[in-house]
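Multiple structures are listed underneath, in structure tokens.
Shared chain: subunit A. Partners: subunit B in the first complex, subunit C in the second.
Here is the complex of A and B:
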């Protein structure tokens, strides 16, 4: 079985610090991480591969070449192959164009199933997986919180989908795009100590527009229909810190706070 | 005044019994609720009031132990003697590598909690705190608690008042005139170095901190569960000792080297330390480090703890300090035992050869074993 995992490296928004005086986001300490939903999807695949070593996993990302070392670390987690779709012509692509570029690559590639996250920390649109499935002409499910391993191995996975009020159970035949949420808690294994310096260059490929047969004018900003009109910073007010003691008054203060803010009914 | 206990008696149990009749063991390691006398003696443990009562080695009067041959030895209980080398020290701190301790007799002390005095200060830096500690001890005062915390370490212990600064704390205890005199000595030392003192802290806050120091079995279990649930680690420590002048140098060298050399430096959440046990000629430094674990649990030791510990041990030994003020050597520091002891390692090695010729006692503790190396590095 071959699983393709789509993965995006995003800024770790939790490490941004908000400057209350100037109302700007301080990104100095921010680092890039694997988008949490995507990490769970890859975590599921790698944990399954532990039990079924013949499973082949290819990780695909569309990104600038600066992600190369992070991608090498992904491959060191016992991934068979890594592919970076990278070209200066791809920069600024909207979700539709991104999906088209990824689909162009996947049309040239063999796979049984494509695992992705449901949405990304930075974009948050959840567009790419469904658009990709549409371009490939296969089925897709989002917001998956559980995949049954046995039926997955048999090519007709039973998955649980969180629809906020309910958990729906679906069966979907391969090939399909399965989009996982981080609430699934599939844990992405780390690179093992012995593999930290492993040379994985022969397992990493860089694919550009020529290899995909894509006209550069139909990609990137020029090839994208979505135009950003304006972006602005949301402003927040700094809250005063209240320190209470473990006594009657303290408990009352915490209780009031939770009640007034709707955390307690 | 002394008490005799079997090695399995929990320190907490003895302390509780003694308190009922107005006495104390004076021994209060943070592991008090879980540790037993055999382990306390075998690891050369030290408590939080060591500056007044001493470490366990100052408390043990005599003991009984069994050697691997089956030989039982009783070291008698006398106030002092000059009967050749002090053989108590073959058992104290042996970490189970030479003999098994079965019974211990320890000194006990009168307890005067009503006279306790607490002092706390926010200070400019660790070096200022060390200067004040030194002043207090060389003037002959014996506070039961005397500690200096770096900014980072203070943040985790004194979140309600540290204000981002280093913290200096003292506790004086004993018969009233002694406690009062000690308090005065502390105030004079603080006054002498007032340029480095930012402000005095309400002593009620220090007393409150002091009353919540110890770890119960539940605290330990909760901590372990928290690590399992969140793939996190709540912190490691490596504690060392050295002379007064050397300690601040080691502290700075260690912190600078870790910041520069440690590959996982970005994962560190806390890196700092405190001095908590002082002597006439020097003090200890208890390095603390907490980090986010970005590796498999099996690799954590080699990726995080060992490289950090290596820097601390190397910097300490380089300047003539000891890599193991307390917590013993165990299995994870035995690669440096020879360097720690230098030419005196000969004596340690001969003890092992003589008392445990087949190497069956606490394999890997203190004495390096090749089989354990792949867990360490």
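Here is the complex of A and C:
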């Protein structure tokens, strides 16, 4: 069985620094991490591979080459192969174009199932898994919190999907795109001590637009169907606030406020 | 006359009606509103839309995005909508992208505001976890598509439409491979988006999170939480306020030990009154508050409960 795990390396949004004087986002100082939902998907695959060593796992990401060392670290977790879809022509691609590029690669690749996360920390759009499935003409489910291992091994996975009002169980046969949520609690195993320095360069490939047969003009900013035309600072109306302390007067002020505005019946 | 289609999702009918407000901000009054319904409650939205396109074939697996994408594409080919709006629920977040891929149009997720850029519709959404807002246009000639989180736009007009219902029979239905084996309904508690008063706790009251109930009860409101509290496992995700939680618009918001990073504040929409309790009076949330109580949030809760009870 071959599993493709799609990963995105995202900036850890909580570590973003915003330069309020120049109105720019300082991304240089922000730490890159494996998107948490995607890490759960890979965690599930690697744990299953421990029990079924014949499973082959390929990790695919679309990113600048700066992620190479992080990708090598991913491969050291006993991943068979890593692929970085990387090309200067891909920079600035929106979700639709990103999905097209990833789909172009997957159409040339063999796989039984594609595992990925539901949402990303940075963009938070959740577009790519569904668009990919549409381009590949296969089934897709998001918000998966549990994958039944036995049925998965048999190519007919039963998955639990936890949404706002329901917990559903679906049967979704291979090939399919299964997008898990971090609530699934599948954990990415650590790199074994002996593997920390392992040379994995022969298991890593870089794929560019030529290898995918993609016209550079149809990728990146130029080839995208959406374009950012403006950015704004988030502004909020400042109020004439009262500052009080947690003492008798302060509590009385709050109490009066609640009473006068009808919040205490 | 422009044509706008709103996907009417079961259990979210009320929030889907709010998308009429989004439509108005895009096109003004010069637009015919269409709703597409599979299994939703069309009675609940009577008088809201100009037209409801109803596909009520029981054999359609309404949970299979691929099947619905095929039908939606067929209907779109017939009507040529100028704009398609989808609520950003779990399902909407699968359907909208799949459909956008099918017709090759751009899609903008979680739009919070509409603007106009040259002759294009500008879709404004939070970027970088709410730290910035980005104005985005669709560069194709195709239909403009966006998803909108529930509760971001509020439609307050009366039921003034003579809704026409078209029972639509799809010409072709894609084969479905997905099968729903079981469905369990979660215990339905009241939605924090419907509460007029929210007492919300953050990292500063994490250890005493449960005492919030006492204050919420006395104010006739509900308990809510920040992402930090939810991630720590002390509260359910259904009560999380913020960009990655729910967008709420209560009359009164009591923020207890919440720092108020933009991620959280992005979840507050048209809050009339706010009380912020924080040990740091310079915390971002405090700039939005009517009253800032500088101090420990749990002590505040105990004190204010005692004060309220004294009057009874």
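Structure notes:
Here is the rule we use: the second predicted complex is superposed on the first by the 217 of 265 C-alpha atoms of A that agree within 3 Å, B and C clash if a C-alpha of one lies under 4 Å from a C-alpha of the other, contacts with A are read in each partner's own complex, and residues count from 1 in each chain.
What we mean here is this: a contact is a pair of C-beta atoms (placed from the backbone, for glycine too) under 8 Å apart; a residue touches a chain by one contact, two chains touch by 3 or more.
None of the values given here were measured: they were computed from a predicted structure.
In the superposition on chain A, the chain among subunit B and subunit C reaching more residues of subunit A is C.
Look at A:169: by the touch rule set out above, it reaches subunit C but stays clear of subunit B. Once the two complexes are overlaid on the shared chain, A:31 sits against subunit B while remaining clear of subunit C. When the shared chain is aligned, subunit C comes close enough to touch A:258, but subunit B does not.
Once the two complexes are overlaid on the shared chain, A:243 sits against subunit B and subunit C alike. Taken together, the two structures place residues 243 of subunit A in contact with subunit B in one case and with subunit C in the other. Across the complex, subunit C meets subunit A through its residues 11, 63-66, 69, 89-91, 93-102, 104-110, 115, 117, 122, 124, 126-140, 142, 177-186, 188, 197, 218-220, 237-238, 243-244, 251-252, 262-263, 265-266, 273-275, 277, 281, 286-296, 299-300, 303-304, 307-308, 311.
Every residue of subunit B that touches subunit A in the complex is listed here, in rising order: 160, 231, 266, 294-296, 298-299, 302-303.
Across the interface of their complex, subunit B is touched by residues 31, 187, 189-193, 243 of subunit A. In the complex of the two chains, the subunit A residues touching subunit C come out as 13-14, 16, 18, 25, 94-96, 99, 121-131, 133-135, 139-143, 158, 161, 163-173, 176, 183, 224-234, 236-239, 241-246, 250-255, 257-258, 261, 263-265.
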